[in-house]
């Protein structure tokens, strides 16, 4: 299995997984196969010390107090990391999950903000993840702020954006400067390509490295045990990527 | 059970009048789809629909049926099936008042109603455009601290909670298991209307293990026995989402006529094998 | 389980340091009496004890042992056995700070901690001398209404929740059944320490029926296997209150020496048959 | 059974039971055998239409949301009646469940206020019940107000005192006038005896009637089915009064 070439999704899984090292508990929301796989992979690497809650899973979800427990648990400081996406994401880390072209009568309506307007504030390490990296998504300024990237200092906010991971590269977020900084570019892509496809300004050091490939140990974990685990919640994803069924 | 006992599906939804505030669960938590179709066919109007905290096919169909005048939700999503067409079109046309929320805000506002308090505080939200557009929410300074603004959400007090559950008994007790948002909804609502997959012989509260996962009949106004009552959505370990049926809906919903005929023709599998009222 | 796994009773209570805020359930809800004796023998001091919302023999013994510097409770009662002597004497002597409360206020303040909000509103209370003496509570005007004063209670955030439950598994999951106040306590507390009557082989969360009544190990810092851990109080369907033992206590507690020797001699029935840490 | 003479407890049961006629739901707190028996008797008379919640009972307690549910349920308007006692009760319906001789260092400490500082406000029909009717209990002014009998009009208060039932007689409470009014005197007692043993002033019409004995139908219910029901929670009470064991 580990002889197969590294697929782009596996590179993303490796990047996201690395951002969870040393944490106690990561939660993964709905419609998040890659973050879910990353979380389960890091759980394996940690020898089970990382607790993983995957919404939609039975095995990896121990909540027993209904829909509110994820949010209460986060508010209690018991969730270290969470993943959020965005129909639009801007350079200050604001995200739009609501719509485009006017509000409330949006011409293009997204599903809605889900728990973002809460979890973005209370989870210390929120990782923004969106595979599509275009100027349609990475905009100068989101049309509707489902949740802001930063807040004034008097606002209670133990949480916020930690990084942005896309199909082109990886950015860190600097909360005090309210800006992204390009950390790495995925193999086969360039800084210029990222600039061309990003509607906002970001910090870009000289000589941005290429995103590292996952090492063999991680690949073995992902393609092995974790492929079977994630298949419980995302059977089509697991089958397509790993040829795996629920284990 | 507060009053009506075990009744038919049409009698159950017959209690939901025009203008009612109706709370419904998310797609994974037991959605009373058969009841929803019955409600649309009856032509209910001006519902204030509260998704706890999100909805999918149910909100989509109620909107398509012209039943909704206000929608409060953290999201409306058909998941992998893409945009919900009647919801998207209703938003474009301003066909209903959209009250965008965030998941924990819906839960907290229902807990306020459950506890009989006028409001509940909630962290987060400040700086979000959700808050900017929710003129029914307020920001106060936390009286226990200096310079600490916090949002207060007014209680959401639904007239009805409507959902589908696995088991109900003849005392009106309903087994909901881990799906405790159904309990909060039911406590918050003036009355709960429940369809159940199966009737449990005996008293669900008589066994402590079952009782731990029960909504007591105290909150349940009436209950109808509706096998496959969540179809075409999936339900617990009983049946999976019927993706073909959802795709069939999406095809027919491309025109208003198509939507109407889909709802008129809709028939859940096996529904003729069962006497709904017993 | 957050970290410590299945450990001995002394290790369990060894985590509760001087000055800790400790939340405990009422006498009918699973009181960790064996753990309480272990705590007294260890000589813990300056506990801030929160009864959720009342306590009995457990608070009485902790007070008698000189372990309590603050007590928040809606009531301390030994029921049919009459006044709790150490509690009554402690009140007379001002041996601890008494924060009188009312049942729903304790529940609501724990729910505030559970939800991570700084306060919770509550009806009632205005005009009561409880409120008059609770300088940590505030009255505000309900911002959603005119001329409507309402009490705000600051969150109670215990360092530890300590209780006894029927079943625990090796993942730290604990079956509490209908005793949901234990869940609120555990969510509100930084860590939960639990003694269990029996160890459950397997995963309590793997079965949906059991899961509905479980506190997940996520909240449980450690767990000790302590059969008859609530004795001499009764526990669920397992054993009834040992009235003779309570009377024996009351007789011996007539003097401080008598109290000390009672605690020193205390030994729960069958405790030598069992290996506490496994 | 119904040939036996009426016992004083049965008269109290009949009085309390009559106060629950036509209600939907009555809750009975701890250490309340006589109110519990009255509630169950009225349940039988109503053909089960009166829902009875008895704390401490398994059969007559359907709560599944923990200790808070009684209070939440009351706040939702789902509990029509509740019983409260008092170490002290005064003429304005104030009750003291906390102590005597100073606060907080009371010389005589009672257990505490329990839920009274809440339920007294939100339950429409609170029936004060205390068998002991002496000047020690029925005082001019309670030393500590666990819960006040009345509130200013701007205070949210759908509930409050409905009546006071003691071992000597029955009083109604007039919320607007903040006063008790003697309704009846139990057989074997007199208005004068009540006056002598009451530390507060109360309204007393001419010709206060004698408290009626329970009719044969009610006695049969109480001594029959209900005696077995109440024995679940109060076995000693049921055995002493009715010779009954749990049924």
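Every chain is named by a letter (A, B, C and D) in the order it is written, and numbering of its residues begins at 1.
In the analysis below, a contact is a pair of C-beta atoms (placed from the backbone, for glycine too) under 8 Å apart; a residue touches a chain by one contact, two chains touch by 3 or more.
Just so you know, these numbers come straight off a predicted model, no measurement behind them.
Minimum number of contact steps separating chain B from chain D: 1. Here A-C and A-B are compared, and the pair linked by more C-beta contacts is A-B. Centre to centre, using the average C-alpha position, chain A and chain C are separated by 40 Å. A straight line joining the Cα centres of chain B and chain C is 36 Å long. Mean C-alpha position of chain C lies 29 Å from that of chain D. Chain B has residues 108, 111, 115-117, 122-123, 148, 150, 178, 183, 211-213 in contact with two or more other chains. For chain D, residues that reach two or more other chains under the stated contact definition are 63-65, 68, 71-72, 75, 122.
Chain contacts in this assembly follow no simple pattern; the graph is neither a line, a ring, a star nor complete.
Pairs of chains that satisfy the touch definition comprise A-B, A-C, B-C, B-D, C-D. Residues 2, 113-117, 173, 183, 187-188, 205, 211-219 of chain B touch chain D in their complex. Those residues of chain B lying in contact with chain C across their complex are 108, 111, 115-123, 138, 140, 142-145, 148, 150, 152, 154, 176-178, 208-213, 236-237.
Of all residues in chain A, those touching chain C in their complex are 24-25, 51, 62-65, 68, 71-78, 122.
Every residue of chain B that touches chain A in the complex is listed here, in rising order: 26, 28-29, 52-54, 73-77, 79-80, 83, 87-88, 91-94, 97-98, 100-105, 107-108, 111, 122-131, 133, 147-150, 178-184. Those residues of chain D whose C-beta lies close enough to touch chain C in the complex are 30-31, 56, 63-72, 75, 97-99, 103-109, 111-122, 144-148, 151-152, 154-156.
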